[in-house]
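Dropping the structures in below, format is structure tokens.
What follows is subunit A paired twice: with subunit B in the first complex and subunit C in the second.
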Partner chain A sequence: MRNRALRLSASARGGLGLLGLAGFFGIWTACSVTGLVSATFLPDPVSVIARLITLLDNPYAGYTLPEHLTASFFRYGSGLLLATGIGLPLGLLMGWFRLIDDIITPVFDGLRFIAPLAWVPFAALWFGTGLGGPVLIIFTGAFPPVLIGAYRGARLIDPQLVEAARMLGTPHHRMLTEILLPDAVPSIVSGLRVAAGLGWQSLIGAELIVVSSGVGYMMVQAQSAVSTRTVMAGIIAVGLVGSAIDFLLRLGEGAVRQRYGVLGPSK
Partner chain B sequence: MPSRRGIVAVLTSAALIALWAWATGPSGIISPVRFPSPPLVWEALVQVSTVGFGGATLPVHIVTSVALVIEGFLVAAGTGTVLGLAMGWDRRVAAIVNPIFQLIRPIPPLSWIPLVILWLGFDNSAKILVIWFAAFVPALINTQTGVRDIPEHLVEAAYMLGTPRWRLLWGIVIPAALPTIFTGLRLSLQASWTTLVAAELVGSFYGLGHILNEAQQSVYPGMIFVGMAAVGLFGWLTTVALAFIESRVLAWHPSVRELVSA
Partner chain C sequence: MSEIEFNKVRRVYNASARVTVAVDDVSLTIADKEFVAIVGPSGCGKTTCLRMAAGFDFPSSGTVQVGNRAVRGPGPDRAVVFQHFALFPWMTVSANIMLGLRNAKVPRDEAEQRVVKVLELMNLQGSENAFPHQLSGGMQQRVAIARAYVLDPEVLLMDEPFGALDAQTRVVMQEELVRLARVNPRTVLFITHAVEEAVYLADRVVVMTRGPGKIKTIIPVKPIRESEAWDRKERIEDVMTEPSFVRLRTEIWRLLREEQKAPN
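Presenting the complex of A and B:
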């Protein structure tokens, strides 16, 4: 009866996993093939994959899927870069200087509860719907975790270390590059990883609403044309790119943690 | 005696409001077409509260959005917590569900919106399903982690004393996992707001996202401001409410922590 302590062998786990997947795809295929759910609204897995492959070199909503993804990725990179460029130094400064912390924190707290997508109207009004608007929305999604990660990293620093360095007469710039920054790095990287995920999510949201290219736009067009296969192919593409981003950042995070020790945001 | 932090916060807010009024008003640095001045925001607030905007008055929009967030959150948190409990408790359940979950999890929740609209249109059920996709994941992951990380000796001791299974679940497993579960619920609530606003922007008849959408279409910065402020205010209020519930439910928690660390 002690299920929690029940250890499963690797083969049992693999078998049960396959059973789960088989059940999932089996029910999906059965619903679609038997006509229980109309194939217009629930195409079977094979035709979705086939659609995904077709989209690779046949344009839909003006561009092929790789072209849409490139457009999305360009916006995404710009937004993330902007969030890092502003959030990282600001977070570090807030962690190191009490006065900056006291000034910025109330403003940040006041804006924090506004969902990133609520910025869409102003983003469109200020920067248009091409590049600037979506970039602002990605920025609002990615900025908080970058800032919080950098802030926590800066606060984690052992004051004894700083005092010791100061006593030994360490010059300011060496203090920064050899004590303050390295100590903050693991937390900064964790923040960046969260930001990358939220930024990707905000980008898709922005593209659903305001732009005329990109994978989100392709999905909205497919939705109006009731092409469920294309919508689902888009979902898969977005998920794959999202996992690839997360995988790369995980690798980076692992490498950084090894280099700078295992201080994490959980502390 | 107000704290230094509090004084700085008040001064900063006052300075920002003054700067806002000055930049949008007398100085004319920021044109009212780009960002509304305080009187224009007030005007928009009065209009949406009395005459209405986007098909209804402000209270109707607020009630629509807040009710959907709460409903979606409850459905997602309920299913996520129950499945997370099962997965944390019984490794066979985890082994079956995990591969499916890993397949679906990397998909950004907002990308379900077009598919859900195809399935359910602009109906309330569509909003709840989209919220579910977003808010289900953190509730599940944190519950599973919470249950799995319960110290073995707590469960062993209970077994040894002959605790029946149901009491083990209610009396030990759930309480011990609660702090982690609440961490997941906070994330779920935040995800619920993000997705609801997005879903309402894409298509809705009422709600705060609908105000934002209509205000954007008719280039009405004052109303955009009102919509955003309402999203922030009610996002904050629901978060505070959840924190209050957490503090009540976990009032006993430090004593449990002592027990665990002993």
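Presenting the complex of A and C:
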């Protein structure tokens, strides 16, 4: 419960957000311009943004920044799709059938605490450094939240809705698709949002190690060339794309919650 | 013909070495098109009785039959109206009402006609495309009743259907249910803890005792309602102030009060 006295209008809160951003860039600029930190250690914001703009149409490490981003995004999309394709049905089944839950949960709980990057050696060994390896790493990052979202959605269904559906003659094989899945949608969408964030983080990590294109790769190349401005430009691009993904999913989540009449902040 | 018949029904729950007798020795026959209300203190097993007729729960011993067939599971021949409506939040009002018809493979045209008719019957015109959460509690319960009625079930099982509604809405719904029962009589088992509601709606009122849940008394209301012509009064308050109504209500109240004093 937030303090009542601190409740502000939407525009005021937006203004505070801008204030925070301005403060962040202000401190950053102050540190680099005053020479408190040397330019190699911390390039100033203006030169980083200039660098970012240059990278938009000048190839670095083989490709322009948009091309790197496209390559990253393709791996990311594939990994996320795979995580959803397996995690969503499996989560629903685990939530619905106690037997499947009992078999899978111990394995899943053991595996989900392993950081995605820990899989890098095996990902590269098993699936190569092109598409397969990175996709596996994104998968290990995105899979748990997708599965947990679907599982929670299925597990927390109001038992009376199940009874109502059975009373109305819904056949067994359609309970999963017609009742359980739609009922779980708000929880699934929340899980997907978390998965999208974790997947994006895992991907950049993976690209630092395994591949020969993508934003992460570009940053590693820049690191070897001691081009801190390029590294920093890459970081900003990663952050912006991540925020954009989250923003879009947040809109989607909001629409779903409104449609379902789910009130309050997301769980 | 669709009677509901409870025959020496006992329901026992075993929870971690503690045995609870929820329902014991309940024998009750509800005739075809009869409206029976069960009243009793909370925890007296009245909802368990309804759940066994619905097929959500099963007797530990004894039998529950509907239309001379033992109840084996839930089905659209025994439509249930739940206290908390149990509408599907992702479906519009019409989709909620349509689900049972789709499951029964009723042809699309016919199904749509039946939905239109039931929407009219329950005064829901104009809300077809709303989602449940956009409606008031009273409207949501209308949708739930429409969803049950559209299947044209022989038997209606209503589990404290107006318990979650405010007092004014409740009265309106009670009047509507009486109107509905006149236009479209069904075999009804109605669970409530509101005595006036039971006397106003039911042909017979069953009073249950607590711990274990047994039938204490069965009070016939229909003969009095007919001889005193309650049906000719349009408004619930006119019926509820009738001396004959007050007498019955008070009698049931006393029976329930005895239960509260009785040691378990």
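As a working rule, the second predicted complex is superposed on the first by the 225 of 267 C-alpha atoms of A that agree within 3 Å, B and C clash if a C-alpha of one lies under 4 Å from a C-alpha of the other, contacts with A are read in each partner's own complex, and residues count from 1 in each chain.
Keep this in mind: a residue touches a chain if its C-beta (ideal position, glycine included) is under 8 Å from a C-beta of that chain, and two chains touch if they have at least 3 such contacts.
Model, not experiment: these values are computed from the prediction.
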- Query: In the superposed arrangement, does A:R13 touch subunit B (first), subunit C (second), both or neither?
  - Reply: first
- Message: Under the stated touch criterion, which partner chain does A:D246 make contact with: subunit B (first), subunit C (second), both, or neither?
- Response: first
- Query: So which one touches more of the residues on subunit A, subunit B or subunit C?
  - Reply: B
- Task: Using the touch definition from the top, say if A:Y260 reaches subunit B (first), subunit C (second), both or neither.
- Result: second
- Regarding the shared-chain residue A:L192, is it in contact with subunit B (first), subunit C (second), both, or neither? neither
- Task: Have a look at where A:P121 lands relative to subunit B and subunit C in the superposition and call it first, second, both or neither.
- Result: first
- Query: First (subunit B), second (subunit C), both or neither: which does A:A184 touch?
  - Reply: neither
- Note on the structure: Listed in rising order, subunit B residues that touch subunit A in their complex are 4-5, 8-9, 12-13, 16, 33-35, 88-92, 95-100, 103-104, 106-115, 117-119, 147, 152, 155, 159, 165, 193-194, 196-198, 201-202, 208-209, 212-213, 215-216, 219, 221, 224, 227-228, 231-233, 235-236, 239
- Contacts from subunit A onto subunit C in the complex sit at residues 158, 160-161, 163-171, 179, 182-183, 185, 259-261
- Query: Which subunit C residues qualify as touching subunit A in the complex?
  - Reply: 54, 56, 73-76, 78-80, 82, 84, 86-91, 99-100, 103-104, 131-134, 147, 151
- Using the touch definition up top, name the residues of subunit A that touch subunit B in the complex. 1-8, 12-13, 16-21, 23-24, 41, 99, 102-103, 105-107, 110-111, 113-122, 124-126, 200-202, 204-205, 208-209, 216, 219-220, 222-223, 226, 228, 231-232, 234-236, 238-240, 242-243, 246
